[in-house]
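Listed next: structures, encoded as structure tokens.
Next, two complexes with chain A in common: one pairs it with chain B, the other with chain C.
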Partner chain A sequence: MNSQIFHPFVLPFVLGMAFVLTYCVVGLLRVIGQLPKDDRKKFWRSLVTPKTAWANVRDLVGDCLFHVKIWKRNPVLGYMHTAIAFGWFMIIVIGHVMLFTLKPLEGIELQGVERTLPNFYYPIFFKYFAEETLIFAILMDFFLLMIISGILIAVVKKIHSKIVGVKRIMHFGFADNLIRFALWTIFPFRLIAEKTNIMAFWWLYSIDLMVFMFMLPFTRYMHIPTEALFILLRHAGLKPREPRKGYALAQIYSCPSCGLCIDACPMSVNDKNSGNTSAYFMKRLRNGDREEAQRIAETCMQCGKCVAVCPVSIESCDIKMSQREAVPYTINSDHSYLGNVEPETKGNAKVLYFAGCMTQLTPKIMRAMKQIMEAAGEKYAFLDKDGGVCCGRPMLLSGKTAEAQAMMAKNTELIKQSGAKRLVLSCPICYKVFKEEYQLEGIEILHHTQYIDELIKRGKLKVDKNDVNYVYHDPCELGRAFGVYDEPREVIENIGHLRKAKSEKELSTCCGGSLGSFILTQQERDEITTNSVNDLIFNNPDEIVTACPLCLKTFARKSPVAVKDIAEVVANQLK
Partner chain B sequence: MDFGFCLSPSSHVKMDSVDLTTFNRLKETNPDINTCIACGSCTATCTAGHFTEMSFRRILLMLQRGKEDEAKKMIQHCMLCGKCTLVCPRGINIRKILLDITR
Partner chain C sequence: MKENILIIGGGAAGMEAATQLHKMGLNPIIVEKSEALGGHIAQWDRLFPAFHPAKDVVEKMLDQVKGIDVRLNTEVVDIHRDNNSFHAILSNNETIDAKAVILATGFDIFKAERKQEYGYGIYNNVMTSVELEKYFRTGKDERINHPKKIGFVHCVGARDVKVCNTYCSKVCCTTALKQACEIKEVFPDAEVYTFYMDLRMFGPGYEDLYLKTQKDFDVKCVRGRVCEVSEDMDGKLVIKAEDTLFGKPLKMTLDLLVLMCSMEKNKSIDAIQQKLGVGNNSDGFMQNKDMYLGMNDTAQDGVFVAGACTAPKSLPDTIGEARSVATQVYNYLKR
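Moving on to the complex of A and B:
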């Protein structure tokens, strides 16, 4: 037994630890300092508000310690990550517990360990300096072996990711590969050092720790300390304002580059485009590669599936939007003609129907809605029977907020003039912007799926059930954005039989037509559409039903079965 | 003297002397514009075209004739709604081209 309190091999570890702690403190101050003033106030307040404070504790334990979201996504990866991260956490905790409780509990004289000395490297190199009691030795070995089992899965994942259910993995540069190698070897070295007490392995173990900690701030492993901060900021309800500052910066460093979004991204059907996924976007931003980040931000379809599958809940779509706003297109817009637009309807209609640009291209949806509203005996009016003003979302997507606001102001004016108290929309793209950006106090905004569902439930609309098997496609901006999953399904149950798609609800795949992307070519979009259609016809339905005119038009090009809008299907089954 | 009618100014374009740099740059970054058949679907569906003279078909024609300023002026009306791109029978990414012209 080595009865000493210091050995030079601890120095690399101490240096690394000092560096990483300093970096984290500076980084923390930087992120908080970059927050706009009102955001910072919100943040402080959220820390003491019971509701958000509870959410903070819940997510800090659930996500940072037990990695619940990864378990839900993929149990093998969940075990892999928990084994390494939780196992490591536990051997650090047990190391400290041993240091502080061993003597009074067991009454054993610790050789050389002065409990008065706060030598924080003791728990890390415990076995070299002191003797463990049996129960702690077993615990330590158990967690060490658990970590090594996790590392074995990681090695398998690196060599052949399909075994653990991952199709595509991230490709890393030199730094990320080196730090990963350091991480993988830390624990085997520790095990060998503890069991054999060969000095060389204690040195290797310590140097490995140093390499890991010195590289941590410059690699993906920075997510370990940053995620805790990100969880607190997220619960404060902040929005990223600038692509590489404040809240967004915390998100960038929280991205673990796990690559789960690569398989999820609809663009990944083409291997060439899998580099345009959120994981790579965050990496580019972290490395300060603004040009590439901008290109990826403009290629993205903003379908939000990456956000839905992200185990850290990184709001990559919002960050991409702030990147677009930071470098907007230089088109010098002149929308003064909006001032001359006259309202088409003034009167005492109760329900105002706004078709939107996309529905203008699919007049059958407009006709069906007219039929439905008439059958239900609703007092309705059209806002844009012969073409109206765009809702403003495409303009927002291009990063030109001021121009979008001019259009929104015009539409708000037209809607208020109509005097209606309910606004029904057929296009989820419009629905999103009306819900999120418009100031329409006192006016209820409904998508036609919700509206039809309500009409049927209130008995205003009578429909016949037929024998057709339908599959429902969740439009991104209706499903993932607002969780409207049940209403359309209930409507379909009333008129036919609903079959399941391969991936549904929050995992539904974008149709490929999305207005979010400015760069994707038609060919690339077609590949996405074909893949998405194959997902939908997985259970051999007779017809695909969707609730978005853009999805309808996009699918119709590639689908082997009929594609219809939900309003159309309902209108056909009216009693 | 006012006769109540007049001659319209000549719309003659000297193709030898026009500056086609914008159009050529555009052709390089967006080769799909070469496939345009000038069918006018984009113009027929244009949301802004409902209120103004906005027409992508004409914008492309103006650029081919070196009338860059006129084209840029017309683009200002665009609302970026994307209907033109959606209806294009040749699958041309019109929205991207409109944005690239001014870039």
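Moving on to the complex of A and C:
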């Protein structure tokens, strides 16, 4: 035991700690300062609203401390991360607890600065300065060994990631590799220093901590302090408005570059494209590489699978959209035709059917919907039988909001004129924009899967069950976007047998036809489609059923089995 | 020298190659999966550019192959190579030993259902170019009922990245104009439109046919693709297209729509082709050694290709290739 209150080797650590704390305070003020006024108000309010405050506490403990989402995704990685992060957290906590239990050092009268000074570094270098009681010593060693076991898994993951169930890992630059090396060596150095008390190791331990803390703001480890802020902002219900400011900035720094989205991204079937995944997008934004970020934002298909698997719940699709919006639109589009569009509907329809451009190109779906509505005895009308106006989503996806607004205004006018109280859509691409962007108070918006399910349940539609084995593909914008997973499956159970796909529901793979991407070549899309088809036919179904005209057209090109829309299959089984 | 040459496919390429090899004193054996020789061309009524009856050509070819070994209703089910000879097992359990193999397996017609937006198999009055040709031959088709307004859609399944076929199918442009004239002959007061991207009039007399189509037959050629087809209350077809020369979208009601379906690789031969070690090119057709001096050769010695199995080809192209493959095989055996 060294009965002293100071040794110069603590200085590197103290410097690093001072730096990182200052940086975090400045960063926090910057993020909050960049929030638009109404967002900031929302944020303050969310902190005191019981519901969001509870969600904050739940997620701060669940996500920041115990990493529940990683455990769910991959238990080995869950253990790895918890061992390192929670273990580290615990030795810091125990260090501080020990500080309180510490009796005044024998024979030394502490006064003024001398009394408070040790508080800053004692918990970190405790064993050098004071003696632990047995129970604390055991606890400390336990957590230290836990951390080192986590680091061992991390080393294995780095060398051969497939052992821990990860196909592709992130590739890092010099800074990220250096700080990771510092992180990995901190704890072994501490262990050796504590057990041998060799001064060189205390120095190495302290310098490692300094390196880690000085580099932290400039590397992925910034996610450690930022995630807490991000959780609070997320629960306040904010949306990223600018790709590198305010809420988006908090998200950028919260991305731990874990790379779980790389394997999840449908584009990764081609290794060349794994650099276009969200993890790299966030990294580019963090580094301020706007050009590359823009390119990735435009390559992305916006299927949302990266958001579904993200252990931090980073809303990368929204940030990519705000990145797209940041680029000025140079083409003047002519929307004068909108004035000439006349309503085609007659006044007494209860249900309005909007096919949309994609369903116009798949007339079998339209015909099937007509048969279904006739069979159910519905009073219906087609909103766009003879043309009609685009729902506006392609324009929104390109970040051209004003152009989209013009179309949406016209459609809103046509729908309200019709007097119908329900709007049925066949295309999830349209469904998303009608649900999220249109102001259609008093009008119920349904996708045809929900509508058909309801007609069957209410007994309005009678169907026969046949012996065909179907597999259902969840379209991204119906499944992940709105959680419509059960209705289509229940419809299929009514008309045949449902088989499972290899990955489905929120892990369903994009068909590859997405309107979201501007850059992917047809060949790259075809690879994605083939991969997605293979996922679907995993359990040898007779037919693939989907609920999106674009998925239907895309799969039909590559599928060895028949691909049909759910409406078609139902129409064939009408009694 | 009376060596066996196995020719897979008894269409124009297979028949012509067999004829030439037979004249050279070799022993060609044609294996044809259908019940008759002649391939696609035997289903055709008249040939472009001069409206020559296809029957004439087919009959002459059939005449020439008299005395040549032909197996009809037969397919090659297995093949393997043993040094310089090939052993093929046929579906009739016969085994053929041959010194060389010629793949003359031709093409398949693009399935028009795959372009659902054109409504084939959904609306009554949409038909394919092949079915129209059959109508010219037989005079019978329920869909053709004194149409007043007829449209032809070019490039169905060709130059279309959305169906994974980026290549030009070569013969459909001229065929569309030929068929447009012919339908006009049958229904002189009908209005006939063709919707094209480019008109590729690449051969002798083809450009003249194009002028004749417009001047003598008053067919209106519109530069632009049809994007979608629907049906109105009376069962007539409503098409939406773009006239790219005027830069305007257009909408038209038609009584009959003919889809000019492209050629696609004949996939029924895939397994045998794989066993022979012959790959495909980026268009999905068979890969020949090179497109100039090695157009009949493949990566494998002794395995040759002729006709539309390597790319869409017209009848004159195919006959030319069939003759050249005979020379290549002859030289190969003599080396």
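Rule of thumb we're sticking to: the second predicted complex is superposed on the first by the 556 of 575 C-alpha atoms of A that agree within 3 Å, B and C clash if a C-alpha of one lies under 4 Å from a C-alpha of the other, contacts with A are read in each partner's own complex, and residues count from 1 in each chain.
The rule is short, and it goes like this: a contact is a pair of C-beta atoms (placed from the backbone, for glycine too) under 8 Å apart; a residue touches a chain by one contact, two chains touch by 3 or more.
The model shown is predicted, which means the values in this text are computed figures rather than measured ones.
Chemist: Determine, for the superposed arrangement built on chain A, whether chain B and chain C clash or fit.
Modeler: clash
Chemist: If you stack the two complexes on chain A, which partner ends up touching A:322: first (chain B), second (chain C), both, or neither?
Modeler: After superposition on chain A, A:322 lies in contact with neither partner.
Chemist: What is the contact status of A:46 with respect to chain B (first) and chain C (second): first, second, both, or neither?
Modeler: Neither partner.
Chemist: After superposition on the shared chain, which partner residues are touched by A:361: those of chain B (first), chain C (second), both, or neither?
Modeler: After superposing on A, A:361 lies in contact with both chain B and chain C.
Chemist: Go through the superposed model and pick first if A:411 touches only chain B, second if only chain C, both, or neither.
Modeler: neither
Chemist: Looking at the overlay, does A:553 come into contact with chain B only (first), chain C only (second), both, or neither?
Modeler: both
Chemist: Between chain B (first) and chain C (second), which, if any, makes contact with A:394: first, second, both or neither?
Modeler: Once the two structures are laid over each other on A, A:394 reaches chain B alone.
Chemist: Among the partners chain B and chain C, which is in contact with a greater number of residues of chain A?
Modeler: B
Chemist: In the superposed arrangement, which partner chain does A:251 touch: chain B (first), chain C (second), both, or neither?
Modeler: After superposing on A, A:251 lies clear of both chain B and chain C.
Chemist: Between chain B (first) and chain C (second), which does A:522 come into contact with in this model arrangement: first, second, both, or neither?
Modeler: both
Chemist: Given the superposition on chain A, at which of 27-35, 225-233, 261-269 or 297-305 does chain C overlap chain B?
Modeler: The segment of chain C occupying space taken by chain B is 225-233.
Chemist: Which chain A residues are contacted by chain C in one complex and by chain B in the other?
Modeler: On chain A, the residues that contact chain B in one structure and chain C in the other are 360-361, 386-387, 522, 553.
Chemist: For the complex, give me every residue of chain C touching chain A.
Modeler: The touching residues are 114, 116-117, 119, 122-123, 161-164, 166, 227-230, 238, 240.
Chemist: Quick check: in the complex, which residue numbers of chain A touch chain B?
Modeler: That would be residues 329-335, 337-338, 340-341, 357-358, 360-361, 386-390, 394-395, 397-398, 400, 407, 513, 515, 518-523, 550, 553 of chain A.
Chemist: Using the touch definition from the top, list the residues of chain A that touch chain C in their complex.
Modeler: Residues of chain A touching chain C: 360-364, 367, 385-387, 522, 526, 553, 556-558.
Chemist: Provide the residue numbers of chain B that touch chain A in the complex, in ascending order.
Modeler: Answer in residue numbers: 32, 45, 47-48, 50-52, 72, 75-83, 86-87, 91-93, 95-96, 98-99, 102-103.
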